[in-house]
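First comes the structure, then the notes that go with it.
Per-chain numbering from 1; labels A, B, C, D and E assigned in written order.
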Amino acid sequence: MTPASKHGVYRGFRRSTGVGALPGSTERETAPISEKCRLTRISYNVTLAEEEVIDTVAELNEDVPEDRVYWFRLEGIADPETLRRLGEAFEIHPLALEDVVNTHQRCKVEDYGDHLFVVIRLPVREANGSMTTEQVSLFIGEGFVVSIHEGCNALEVVRERIMTARGRVREYGADYLAYAILDLVIDNYFPIIEKIGDRLNAIDEQLESGFEPGQRLAIRDVRADLLLLRRTVWPQREAIAVLMRDECTLITDVTRTYLRDCYDHTIQLMDVIETYRELCADLRDFHLADISLRSNEVMKTLTVIATLFMPLSFIAGFYGMNFQHMPELRMRYAYPMTICLMLTIAGGFLYFFRRKGWI
Amino acid sequence: MTPASKHGVYRGFRRSTGVGALPGSTERETAPISEKCRLTRISYNVTLAEEEVIDTVAELNEDVPEDRVYWFRLEGIADPETLRRLGEAFEIHPLALEDVVNTHQRCKVEDYGDHLFVVIRLPVREANGSMTTEQVSLFIGEGFVVSIHEGCNALEVVRERIMTARGRVREYGADYLAYAILDLVIDNYFPIIEKIGDRLNAIDEQLESGFEPGQRLAIRDVRADLLLLRRTVWPQREAIAVLMRDECTLITDVTRTYLRDCYDHTIQLMDVIETYRELCADLRDFHLADISLRSNEVMKTLTVIATLFMPLSFIAGFYGMNFQHMPELRMRYAYPMTICLMLTIAGGFLYFFRRKGWI
Amino acid sequence: MTPASKHGVYRGFRRSTGVGALPGSTERETAPISEKCRLTRISYNVTLAEEEVIDTVAELNEDVPEDRVYWFRLEGIADPETLRRLGEAFEIHPLALEDVVNTHQRCKVEDYGDHLFVVIRLPVREANGSMTTEQVSLFIGEGFVVSIHEGCNALEVVRERIMTARGRVREYGADYLAYAILDLVIDNYFPIIEKIGDRLNAIDEQLESGFEPGQRLAIRDVRADLLLLRRTVWPQREAIAVLMRDECTLITDVTRTYLRDCYDHTIQLMDVIETYRELCADLRDFHLADISLRSNEVMKTLTVIATLFMPLSFIAGFYGMNFQHMPELRMRYAYPMTICLMLTIAGGFLYFFRRKGWI
Amino acid sequence: MTPASKHGVYRGFRRSTGVGALPGSTERETAPISEKCRLTRISYNVTLAEEEVIDTVAELNEDVPEDRVYWFRLEGIADPETLRRLGEAFEIHPLALEDVVNTHQRCKVEDYGDHLFVVIRLPVREANGSMTTEQVSLFIGEGFVVSIHEGCNALEVVRERIMTARGRVREYGADYLAYAILDLVIDNYFPIIEKIGDRLNAIDEQLESGFEPGQRLAIRDVRADLLLLRRTVWPQREAIAVLMRDECTLITDVTRTYLRDCYDHTIQLMDVIETYRELCADLRDFHLADISLRSNEVMKTLTVIATLFMPLSFIAGFYGMNFQHMPELRMRYAYPMTICLMLTIAGGFLYFFRRKGWI
Amino acid sequence: MTPASKHGVYRGFRRSTGVGALPGSTERETAPISEKCRLTRISYNVTLAEEEVIDTVAELNEDVPEDRVYWFRLEGIADPETLRRLGEAFEIHPLALEDVVNTHQRCKVEDYGDHLFVVIRLPVREANGSMTTEQVSLFIGEGFVVSIHEGCNALEVVRERIMTARGRVREYGADYLAYAILDLVIDNYFPIIEKIGDRLNAIDEQLESGFEPGQRLAIRDVRADLLLLRRTVWPQREAIAVLMRDECTLITDVTRTYLRDCYDHTIQLMDVIETYRELCADLRDFHLADISLRSNEVMKTLTVIATLFMPLSFIAGFYGMNFQHMPELRMRYAYPMTICLMLTIAGGFLYFFRRKGWI
C-alpha cells in the first residue's frame, strides 16, 4: 500500500508482503560502507525533464506523475543497505541483486518477467595504462530504468542529452533510454581498440626497422589486452541479440531497430579484435623468425671469421714449430710463399662465402 | 507392500516384484568392502528439520510423514550390498547404479521418467598439491533426493543450512535441494581456478624478471590442470542446461531461475579456463622465444670474442713463425707497429659490433 | 504533397511531416565540404534510357513518369547537406544515413520495410600497391535504386550496359539493377585475388631456388592482405544470403536466381582466400624450416673447419713449446712424422664428417 | 515358398523372385577363397538357448520355431558364394553386401526399411604392438541378428552370456542382442586407450628425468595411434546416436536406454582421446623446448670455454712472437706478471659468466 | 512445334519462343574453336541400348521414341555455337551455361525446376605427376542426362556398362545414370588418395632412417595436394547431400539409396584427407624437431672439440712464450709433466662430456 504501488507509477513493481531471507549476500566485504554513493532520479517526457537527488529510499515511494520515464541512477559504491532497500522497492530478484554486488559478472541479459536485468561492462583505461572494465547494471521495467555503476561520470553524456533534449531520448520510452546507455558503453570500446591498433602499428614498424628484444614483451601485452577485450565483448554481442530476439514487450520495435545498430557495432568490434589477434600472432611469428634469422646472421659472422683465420693460424703455428730439421724455415722464399699461401686460402674461402651468399 | 510404497511417501518409487539379474556389476573390485559408509536421512519442511542415521536398509521402508522433503545422504565408500538394496528400494535403473559404483563418470543428467540421475564432479585438492575430482551422484525424485559421495564433508554446508534454516532450502522442494548441492559443487571450482590464476601470474612475473629452465615444467603442469578442469567443467554446463531445458515436472520454475544462475557460473568458469589456456599458450610461446633469444645472446658473446681474438691470435702466431728470413722481425718499430695494428683491428671490430647492436 | 509522392512514382517513399533531430551525425569531419559530388538520375525501361544530372535536391521532387526504373547515383564525397536532403526525400532511416557517412561499415543488408539498405565494399588497389576497400551504399526500393560511392568510375560498366541496352538490365526491375551492381563489385575481387596468387607463387619459387631474408616480409604482407580480404568478403557472403533468403517482396525470383550465382562467387572467393591463407601459413613454416636448415648448414661448416684445424693447431702449438728438453725436436724424422700425424688426423675427421653426411 | 517365409519366422524377410545382377562386386580379390568360415545359428528365448552349426545355406530355410531370437554368426573370412546366398536369404541390399565384403568401411548405421545395417570397428592389438581395427557387420531385423566378423572369438562373451543365461540378453529381443554386441565392441576400446595413457605417462616421466632423442619417435607413434582411434570412434558415436534417434520400430525403448549408456561410453572415449591428443601436443612442444634448451646449454659451455681461453691464448701467442725488440721479454718479472694478467682475465670472465647465470 | 517438344520426349523441355541476349558470355577466349568435340546420344531401356553420333544440333529435334532414357554426352572442348544451341534446345538457364564454359567451377548442385544442374570435378593426374581436376557438368532432366566434359574417356566405363547391360544402369531411369556418373567420378579420387598415402609413407620412413633436406619440399608438395583435394572434395559432399535431401521429383528413392552410398564415399574421402593433413603436419613438426636435434648434435661435436683443444692449445702456447725468465722451460721434467697435465685436462673434459651424455 505504498503510494508508488497505489498509483502504479513504476508499472513493473509488484509489492510483496515479506521477502524473507535474501539468497546470496548483498554484503560487500571488500568495499568500505563509509564510501558515499549518489542516487538521482531523472524523470522526463517529450516536453520536460527533471532531476532530483534521492537522499532516502523512502523518497522512492513518493507520489510521482505517471506520464514520464524515470531513470534511477546510482553511482559510486553503494552501501548494502541502500541496495537492499532498492531491491525491495523495485522487487528485484535476490539473484540479480547478488550479481549487482559482485561486480565481476559476465555481460548478460536476464528476463525476470516484469523487468529485464542487464549487466554490461564499461572499458576503462587505468592510470598506469593498463585496461580494465567496470560493471554497469541495468534494470529495465515499464516506464523506468535503474542503472547502477561504481564509477562516476560514464553515463553523464546520456543525462545531458536528456536534460538538453538533444537526440531523441526524450521522444521514446524507457527501452530507448536503456539502448542509449548500452550504445554509450559500447562506443567506449572503440577508442580502446584504436589505441591497440596504434600499438600494433608501432610494433610492426619497429620490427621492420630493427630488432628489439623488448618487442616480445610489447606483443605479449597487446595479446593479453585483446584476450580481455574478446572475453568482454563476446557476451555483449550475445546479450544484445537476446534483447533483440526477446518477445518480451518491454522492448519496442523502434528501439529494436536501434539495437540492431548496436549489435552491428559489437560485431564490428569482434571483427577488429579477431583481426588484431591474428595480426598479433603474425607479429609474434615474425618476431620469432627474426630471432632465428639474427641468430643465423650471428652464426654466419662467426663461421666466416673462424673459417678464415683457423687455417691461417694453423699455418702460422705450423711454422712456429721448433723442430731442428725443418728445411722450409731456412729457405729464402719460404716466408713470402707462406704469405702467398695464406692469401690464397683466405681468398678461396672469401670466394666460397660470397658464392654461398654469407657475406 | 512395504509401508513406504503404501503411503506413497517417496512418490517416485514404483515397487517391482522381481528385479532379476542386475546389468553391470555393482561389485567394486578396487575398494575394500570393510570400509564403512554412513547413510543419513534428513527430512524437513518449512517448520522443522530432522536428521537420523539409517543403520539398516530395512529402516528405509519405515512409515514416514508425507509432507516433508527427504534427503538420503550416503557418504564414504558404500559396500555393494547397501548400494544394491538402496537401488532396489528406490527402483534405480541398474545402469545408473553401475554409474554410481564406477566413479569415473563424466558429468551428466539422465532422465529415468520418475527420477533424474545426475552425476557431478567435485574438485578436490590433494595433499601433494595436484588436483583431482570426486564423483557426487544424485537421484532426484518427487519429494526426495539421494546423494552418494565417497568423500565426507563436502555437502556439510547444505546440511547445516537445512538444520539451521539459513537460506531458502527449507522453503522449497527437493529440486531446490538438488540445486543447492549442485551450486555448492560448482562453487568449489572457483578457489581452484583462482589458485591456477596465481600460478600463471607467478610464472609470468618470473618470465619477465629472469630466465629459469624450470619454467617450462611449471607451464606444463598448469596446462595439464587446465585440461583436466576443462574436461570436467564442460559437461557440467551441458548437464545443467539439460536440467533447465527439461520438460520433466521434477524441476519447478523457481528452481529453474536458480539453475540459470548456476549455469551462468559454469559459463564463467569455462570462460576463465579458456582464457587461462590461451594465456598459458602465450606464456609457453614467450618462454620459447626467450630460449631463442638467450641462445642468440650467448652466440653473440661467442662471436664477438672469437671475431676479436682470432685475427689477433693469427697475427701473433704469424710473427711467431720461425722463418730465418723474416725482415720484420728485425725491424726496430715492428713490435709497436704490430701492437698498433692489433689495436686497430680490435677497435674496428668493436665498432662494427657496436653498430650491429651486438654489444 | 510533393509531385513525387502525389504520383507515387518512387513507390517506397512515405512523406513524413517533420523528421526532427537526426540520430547520429551526418557531418563528415575529415572530408572537406568543398569537394564536389555528382548526382545523376538514370531512368530506363525496356524501350528507352535517359540520364540527367540532378543539380538541386528540389529536382528530385519533379514530376516523373511511373513506368520506369530510377537509378540515383551519387558519386564523390557528398556534402552533408545533400545527404540530409536525400535522406529526407527518400525517407531513409537516420541510422542508415549515419552508416552512409561513416564509410568504414562492414558489408551488410538491412531491411527498413519499404526499402533495403545494402553496404558493400569495393576493393581498390592504391598507387603504392597496397590494397584498400571503398564503401558502396545502396538503397533498394520499389522502382528505384540509390547508390552512393565516394570513388568515381567504379559503376560505369553498369551505366553503360543500361544506356547501350547490353545484357538484361533493362528487361528487369530495380532489384536486378541492384544485383548488377553487387555482381560488379564482387567481380572486382577476382583480379585482386589473382594478384595475390601471383605473389604467393613468386614467393614459393624464390623459396625453392634460394634463401632471401626479405621473404618473411613478403609473406607477412600477403598474410595481412588476405586477412583484410577475408574480413571484407566474409560478411559479403552473409549479406547476399540475407538478400536471397529474405521474404521481402523487393527481390523477385528471377533476381534471386542471379543472386545465387553471385553467392556462389563469394563462396568461391572465400574458398580461394582460405586456401591462400593456408598456403601462406605453409610458406611461412617452410621459410622457418629454411632458416633452421641454413643455420644448421652454417653450423656444420663451422664445426667441420674448427674440428679439422683445432687439433692440428694444437699439435703445431705443442711443438712450438720452448722446453729445453723436448727430445722430439731434435729427432731427424720428427718433422715429417708430425706432418704425417696431422694428415692422418685431418683425414680421419674428414672421413668421419663424410660418414655423418656433413660434407 | 520356402518354409522360412511360409512361417514368417525371420519376419524381416521378403522373398524376391529374382535378384538379378548384383551392384558392386562381392568377389574378394585379396583374400583366398580357400580360407574357411564358420556359420552358426544361436536361437534363444527366456527359457532355452540352442546353438547349431549351419553347414549349407539351404539349412537357413529350414522350419524353425517362431518364438525365439535368432543370431546368425558368421566368423572368419567368408567365401563370396556364402555371402551371396546369405544376402539372398536375408534379402540384403547389394550395397550393404558390398560394404560387408569391403572391410575398410567407416562405422555407420543404414536403415533398409525392414532391417538395419550396422558397421562397427573392433580394435585389435596386433602381434607387433601396433593397433588396427577389424570390421564387424550387423544386420538387425525383427527377431534376428546377423553378425559377420573376420576374426574369431571377439563375440564369444556375448554367446556365453546367452548360453549360460547371464545378464539379461535372453530376456529381451534381437535389438538388445545387437546392443550387447555393440557394447562389447566399444568396451574393447578402453584397455587400448589405457595402454596409450600408460605410454604417454612413460614419455612424460622420461622427459622430466632426462633427454632422449628417441622420445620424438615415441610421441609421433602415440599421435598416429590417437589419430587412428579418433577416426574410428568418432563415427561410432554418430552411428549410435542414429540408432537412438531412429523412429524405426526395430529398436525398443528398453534397448534405447541401454544404447544411451553405450553412447555415453563413446563420448567418454572421445573425451579421453581428445585430451590425450592435447597432452601429446603439449609433450611434443615440451620436447621441442627441451631440444632448444639443451642446444642453449651446449652453446653456453662452448662460449664459456672459448671466451675464457681465446684471450689467454692470444696473450700466450703474443709473447710467442719472435720480434727482436720486445723489451718485455727480457724483463725479470714479465713472466709472473703475464701469469697474473691471465689469471685476472680468466677471473673476470668467470665472474661475468657467473653473474649472467651461465655457469 | 519441333518434333521433340511435340512428342514431349525429353520431358523437361519447355520450348520458349525467343531467348534473347544470353547473360554471361559463352565465348571461350582461351580455347581455340578449331578443336573438335564429339556429341553422342545414347538411348536405352531394359531391353535395348543404342548409340548415335549427333553431327548437327538439328538432329536433337528429331522424332525419338519416348520409352527410353537419353544420355547426351559432349566430350572435348565444345565450340560456343554448339553450346549455345544445346542450351537453347534443352532450355538451359544462361547462368548454368556460363558455368559450363567457365571450367573452374566449384562442385555444386543447382535446381532449375525442371532440370538439375550438377558440376563435379574429376581428378586427373598430369604427365608431370602433379594433380589437377577437370570439370564434368551434368544436366539431369526427366528421361535424359546431358554430360559435358572436356576430357575424353573418363565416362567410358558407364557407357560400356550401358551397352553391355552390366550392372543395373539399364534397369533404372535417368537419375540412376546420373548417380552412376557421380559414383565413377568419386571413385577416381581413391587411387589419387592412395598415392598420397604412399608418398606420406615414403617420407615417414625416410625421416626415420635418415635426414634429408629435400624432405621439407616433399612434405610441402603433399600438403599442397591435400589442400587442393580438400577444396575439391568438400563441396562434393555438400552437393550430394543436396541431391539426397532435395524434394525434387527427379531423384527416385531407389537412386537416393545409392546416392547415400556415394555420400558415404565422400565422407570417407574427407576423413582420409583430414587424417593425412594431420599426419602431414605431424611429419613437418617431426622434421623441424629433427633439424633442431641435428643442429644440437652438430653443436655438441663442435663444443666437445673446442672445449678439448682450446685449453690444450693454450698450454702449448703458454710454453711457447719467449720470456727469458721462465724457469719451467729449463726444468728436466717440465715437458713430460706438461704432457701429463694436458692428458689430465683432456681426460677430465672427456669424463665430463661422457657424464653429460654428449659423447
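For the reader, a short list of remarks on this structure follows.
The rule is short, and it goes like this: contacts are C-beta pairs under 8 Å (C-beta built on N, C-alpha and C of every residue); 3 or more make two chains touch, one makes a residue touch a chain.
Everything quoted here is computed from the prediction, not taken from an experiment.
Contacts with chain B and chain C are shared by A. With centres set at the average Cα position, the gap from chain B to chain D is 27 Å. Computed centre separation for the pair chain A/chain E is 43 angstrom, with centres defined by C-alpha atoms.
Of all residues in chain A, those that touch two or more other chains are 288, 292, 295, 299, 302, 306, 310, 313, 317, 320-322, 326. The ring of touching chains, read from chain B in the direction of chain D, comes out as B, D, E, C, A. Interface residues of chain E facing chain D in the complex, by the touch rule stated above, are 166-168, 171, 208, 257-258, 260-261, 264, 267-268, 271, 275, 278-279, 282, 285-286, 288-290, 292-293, 295-296, 299-300, 302-303, 306-307, 310-311, 313-314, 317-318, 320-326, 357-358. By the touch rule above, chain C contacts chain A in their complex via residues 20-21, 23, 93, 95, 106, 108, 110, 112, 210-211, 213, 216-217, 220, 223-224, 227-228, 231, 284, 287-288, 291-292, 294-295, 298-299, 301-302, 305-306, 308-310, 312-313, 316-317, 319-322, 326, 328-332, 334-335, 338.
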